[in-house]
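Here come two complexes built around subunit A, the first alongside subunit B, the second alongside subunit C.
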Partner chain A sequence: MMKRVLLLVTAVLFMGLAARSQFSEMIKKSEVHGSFEFDGAYYMPDDVIGITDSMINGRNFAFNGFGNITYTLGKFSAGIRYEAYLPPLAGFDPRAEGQGFPYIWASYTSEKFSFTIGNFYEQFGNGLTLRTYEEWSLGYDNSLNGARVTYEPVRGLRFKGVYGMQRFYWTPYTKNSRGIVKGVDAELDFNQVFKKMSESKVQLSIGGSFVSKYQADQDPLYKLPRNVGNMAGRLNFGVGRFNLSTEYAYKINDPSAINDLIYKEGQGFLISATYATKGFGLYAMFKRYDNMSYKSNRAITANGLDINFLPPNTETHTFMLTSMYPYNTQPNGEIGFQFQLNYKVPKKSKLGGKYGMGIAVNYSQVNDIVRDPVNVPGTDTTATGLPGTDGWTSPFFKFGKTVFWQDFNVEIDKKFSKKFKALLQYMYQTYDIATLEGHTGMPTVHSHIAVMEMTYKFTSKNALRWEVQGLWTQEDKGDWAAILLEFTASPHWFVSVSDQYNYGNPDEDLSIHYFTGSFGYTYRTTRIALTYGRQREGIVCVGGVCRAVPASSGFTLTVSSSF
Partner chain B sequence: MKKTIILMAVLFLGFTMYAQESSERKKLPSVNIKTLDGKTFNTQDIYNDGKPVVVSFWALWCKPCKKEMDAYSENYEDWQEETGVKIYAVSIDDARSTAKVLPFVSGKGWEMEVLLDPNGDFKRAMNVNMIPHTFLLDGNGNIVYQHTSYYEGLEDELYELIEKVAAGEDISNH
Partner chain C sequence: MEKMKILKIISILTIAVFLFNACEKIDAPYKEDGGSSGGEAVQKVLVEDYTGHECVNCPGAAVVAEQMKDLYGDRIVVMAVHAGFFARPTGDMPQDFRTDAGEAWDTYFGISAAGNPNGMINRVERAPGDHIVNVGEWRTQAGIEMENEAKIKMDIQNNFGQNTLTSKVSIEFLFPMDGKYNLLFCITQDSLVGPQKNNDDNVGDTPLIENYVFNHVLRYTNGVWGEQISDNESFSIGDKFDLNYTVNFENDWVPKHCSVVAFVFDQQTKTIVQVEEGDVIE
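What follows is the complex of A and B.
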């Protein structure tokens, strides 16, 4: 496959070369863009956090890097990405080690039609049936390698078709090593397609997708479905300031390592509503996933080879301590909801002052679904979730007793003058660490978190920003305090120091300071940053995927650029 | 196989380097993304009637990005009056929070054009490694300046460039 892609790319390039008179003209119309990044680390032993020389085992240096080149000539474009993990940074999957060209593609795009061969990223609807994407900071890439066609006969009516197999680190595809994925998607926008509705106040669009994966059945014990279909329908409806969006997905039975080989069908449901007017926004959503893991290899349990994407319904926090316990979707079953209110207290009001004041309130909760036992085939007993059974039955709208997650947070930000602004955040969190991090038996973490962030501008270019944070909990590692100081000189420089102190750790030997210092330089699209310090053990999540980061100590250097 | 790939890659790189040298223009690619009410929007429709355009990538989870947008928002009225500039704020939030972008933007009172790029298609096509990443286009749609990361006060530097571009100055040696 890859060879064929390359041949095509060269053929096109050399066709251009052959016609020499046209060559310079072609070059003039060509566009080339690219980007690269280098993330290097030097790890050092650190007794306090338990990193010894033998653990590092000579691998003091680690680096992840990529380089990306895209070429465009009118309707034709092609691209290639080089990646290297030599060896990967701490916390990245060891299977990432190596280097190569995992992303090679060429495509032709006209007004109504597009055709791509090679590696590509695609999403149908919210991703409940299919989403391929890459997230560099997590080392995650589930791109499809194959072909994609899109067709738009009239503006507002779109069809897509995809076919291929997914990337799994550096493991090449061999027969039966993983599944083959194919899918189609259609979307109809009533306001664009029907002239009568083009000026309508009502906005309406609908869509549907069907995805199927094929994987051979090599199980000695069970007869497994070789083709597993996953289908979804979606709707987007808006009137004036009100908007409603929903998607429902149904997957046929798909026994896998994730669901412990149960023959149950899967369901996914998302609905969200918003009301927005200037200075005020309201958001409410409900979701439910029941046995919705969908991978192109049923034997895989960790991140990787996901065909679909199950969006979490919780706020993404980014302060040092509010992001200590991040949420992570439970594909076997979860039910939850979220509310958010954004309000801007107007300028020149009593509370708003000269610049106004922002208020954001957010609440999210995720519970387990209810699981009722089913009959065990060939016996007269019942059980829940046993391999070879139908798993469980579950009432659709009923919340299970186990609370996986709860987050109530309020954020207020206010600019006091041209020079000074501040932000305050309070958060109450419930975090089922036993389920979400697999620390079986550990009690659920209940924590109160407070953050204060202030920025003072000395001149139009120089500013100091500082954060003071606290996390208070009886569980897990106990109480934390954190501070951060950052000085920026626009447009080029920053220097920052921070410390996270686990002062309330029940084990006094583990009351550790995690100190870091960093500085960086930015010139246009090139950024260089160097950090020295101690990294606490934790979880980094982007979107719906998380990566555990082990504790480490040392230097990290990031160089990133694009053109 | 491996040798072929490396050879091809080197050839491709060499060719693109050559093309890069002689390339005359840098325009926005054609990518289908979404508007805040869920409509499909082609990025080649980013247009401002011969006046400068700013395209800035941000996300709800990116604090410096939100500060940058706040800074643009505070100045937007003045900037528009003086230069006619139009700002497109492209959110790369994924399906987890695309629906939250509209109420957030309204709650903030931002007046910029906001677009959604939930699977990073536009971001990839623009070679954006990290956000915030801001592009400045002249009246003919040529990308004349770009910058990554945001520090307090950076908006002033950007505005100086917008003024120059609006006045038809060449800022390629800036």
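What follows is the complex of A and C.
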């Protein structure tokens, strides 16, 4: 008996030691990474911009925050994200209010396969059939919650399959509350698959995708398609310094609140070409979208539940006044193009000086498409877009008369010495504010904008940057002037002050200064910034998807870090 | 190798089945046949349309509400609540159709904060704290609500004379129910004419319809949350209550264009149990 007890105790001890050893090994091989960001605001009444206590309504404090943690052990990884909007910052959709774990996933990746369950982001090609992503500054998250499989039988040939439903703020999925999304994608890289092409100067890849959404038809008035498919083919071709990329998408009937319940098919087309050599680059792009909104709930009109993504063809501007009128993609129809030329004037030339000089010229334009009435037998109508009809017909390459957007800009940047560099930008912009911001009846804004930015380094660690900007227009709120001063004491500290002054507002009472002061501290991956001041009303756009920003006044604090 | 072949065949077949079932092309005509009006004791639905004269998409939403009335008759009760930013009077558009109750509901339910037009269907809470129904879902959600059995029967008897409305709202419980229930007594008005911003050529002139006809406009309520029907918190089949109201009409309320809209709702969830509508002058 004693022998048996001794043997059992020895076995248990041995197993315990072995398990502990294995656990220690596992911990050593594990990796944990993460990031977090907190954005807090304290709103104050401000008579000058019309913010009263009753408008704030006791909600002086607002808070947006998230924390991501990812765990990796060999081929296995898992992650979780916590979010809180308590309540959300001004301008974020009130449905974002809440807190919880909206993003949980686990994944296994081997040499040829990977499997993911839970929430994930995915993109097929340029996104015309599927793009799920998260953009914190917009409060946008259309992640898929389901399963994803990828299979790469040989290097360069990749298959993907996805299945699930999308996130919509904190609204849990219930039967028929929104659609189920499924899709497949395949891509073949000739240079990787075929040995003969591995050393070739010609680069070639092709791909195709098919996505379908299912949503029940509970509409008592219209017969709605329950399964709506969207398919696309793409090609990338490059030889030497030249590269061409193109994608075409076709979507079957998809009557929705966005297109006012028309039964027209949708088409999307993108083509871009680049030529790049040392000191010189050329870029050209053409795009056309016709009825290409594709959401997993046909009733939604606000930002959310987009299955696909329609890339913009406009340059994204970052200065205060050049970004005042950003472009907002029109999924029901738009046609446009962009050209860009980049040239580096050589160093030691007369114009380039010791360090050379950069010149960039960019032009982009977006028009409405042409919409011709559909010939409905037995009727004599010139109306287009009526609910319950085929909408319109549209010649493919024809530009409509309405110009949504026009942007011509020239930028010159030059380093004069080790301590001093400068940038000059001129921009002419046409902005159809009635269409792009929904201010029906307002005239199109035509504006000239100029920016001068200079940076002076006192020492290798201390630098002062200043910007002077002007916007001149006879429409909307009239002329603006802006100035910014930013002092950086590397590697940790920065302090800045800025003012945007609407001196040309037709209403003198609205000729307001929007001043802000900020200071911040950065240590490795952690950044803390405190800002006080006045925020003007406007819109924030990322990739053609936009969010309105109301006017506000007060403090904001941002803390972010990653590990 | 054999296993790989079988795997490939299964994959191809799966993808083929997926592709063939993933597209549904609808052929014209695209409209369904209409539904039927209700008889006695049917579940009726309140469609609240939160709107404003500066809201360019709102005329389109009003068209949707009218289509629902055409389809379902008196089973649909529409109430246009002018509230929020787009309902504020301006220099060019001085008309003011806002009400204290409408503004309070708009703030409480967060309707115009989520954008206009938006609304509610029987104030059903679709997710914790979320009662908002996008215009594109009004028909669907109303259809779902109408499938419910009526738990309460309501009747309205109106008498109008010397600029005063006297109204009796009768309530009868058809099911045993627990909880606290309130009655909201409202007056709506049709045929108000004034300017309305619009961006849909198919609805009217753009950017402004000069003489837009506003219908179902909320004009009066008996407070923000009405009054409790009874001190009881438990109701049996057959329990009846009569509530009486006397309202002096404002000068710009035209009696022949006005209706009484009365609805019973759960005090805690705010969900509407039943709604009824009756013309001020029969």
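Simple rule for what comes next: the second predicted complex is superposed on the first by the 534 of 563 C-alpha atoms of A that agree within 3 Å, B and C clash if a C-alpha of one lies under 4 Å from a C-alpha of the other, contacts with A are read in each partner's own complex, and residues count from 1 in each chain.
FYI, a contact is a pair of C-beta atoms (placed from the backbone, for glycine too) under 8 Å apart; a residue touches a chain by one contact, two chains touch by 3 or more.
Keep in mind the model is a prediction, meaning the values are calculated, not measured.
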Since both structures carry subunit A, what do subunit B and subunit C do when superposed there: clash or fit?
-> fit
Contacts of A:Ile252 with subunit B and subunit C, given as first, second, both or neither | second
When the two structures are laid over each other on chain A, which of subunit B and subunit C touches more residues of subunit A?
-> B
Partner chain in contact with A:Gly388 - subunit B first, subunit C second, else both or neither = second
Give one of first, second, both or neither to describe whether A:Thr316 is in contact with subunit B, with subunit C, with both, or with none.
-> first
Once the shared chain is lined up, is A:Asp93 touching subunit B (first), subunit C (second), both, or neither of them?
-> second
Given the touch rule stated above, what does A:Gly438 touch, subunit B (first), subunit C (second), both, or neither?
-> second
Lowest inter-chain C-alpha distance for subunit C and subunit B in the superposed arrangement, angstrom | 13
Subunit A - residues contacting subunit C, complex | 57, 93-95, 97-98, 169-172, 177, 182, 184, 210, 212, 218-229, 252-253, 255-257, 260, 263, 297-302, 383, 385-386, 388-390, 434, 438, 440-441
Quick one: which bits of subunit C touch subunit A in the complex? Just the residue numbers, please.
-> 15, 18-19, 21-26, 28-32, 35, 56-57, 60, 67-68, 71-72, 107, 110, 113-115, 126-130, 132, 134-137, 139-140, 142-144, 197-202, 206-208
Listed in rising order, the residues of subunit A that touch subunit B in the complex are 2-3, 6, 9-10, 13, 24, 27-28, 30-35, 37, 68-72, 77-78, 80, 82, 100-101, 109, 121-123, 126-127, 131, 133-134, 136, 156, 158, 187, 189, 191-192, 203, 205, 236, 238, 243, 245, 272, 274-283, 285, 309, 311-313, 316, 318, 340-344, 355-356, 358, 360, 455, 457, 459-463, 465, 488-491, 494, 522, 524-527, 543-544, 560-563
Could you please specify the touching residues of subunit B with respect to subunit A in the complex?
-> 1, 4-5, 8-9, 11-13, 15-20, 22-27, 29-30, 37-40, 60-63, 74, 94-97, 99-100, 102-109, 118-121, 124-130, 133, 145-149, 151-154, 156-157
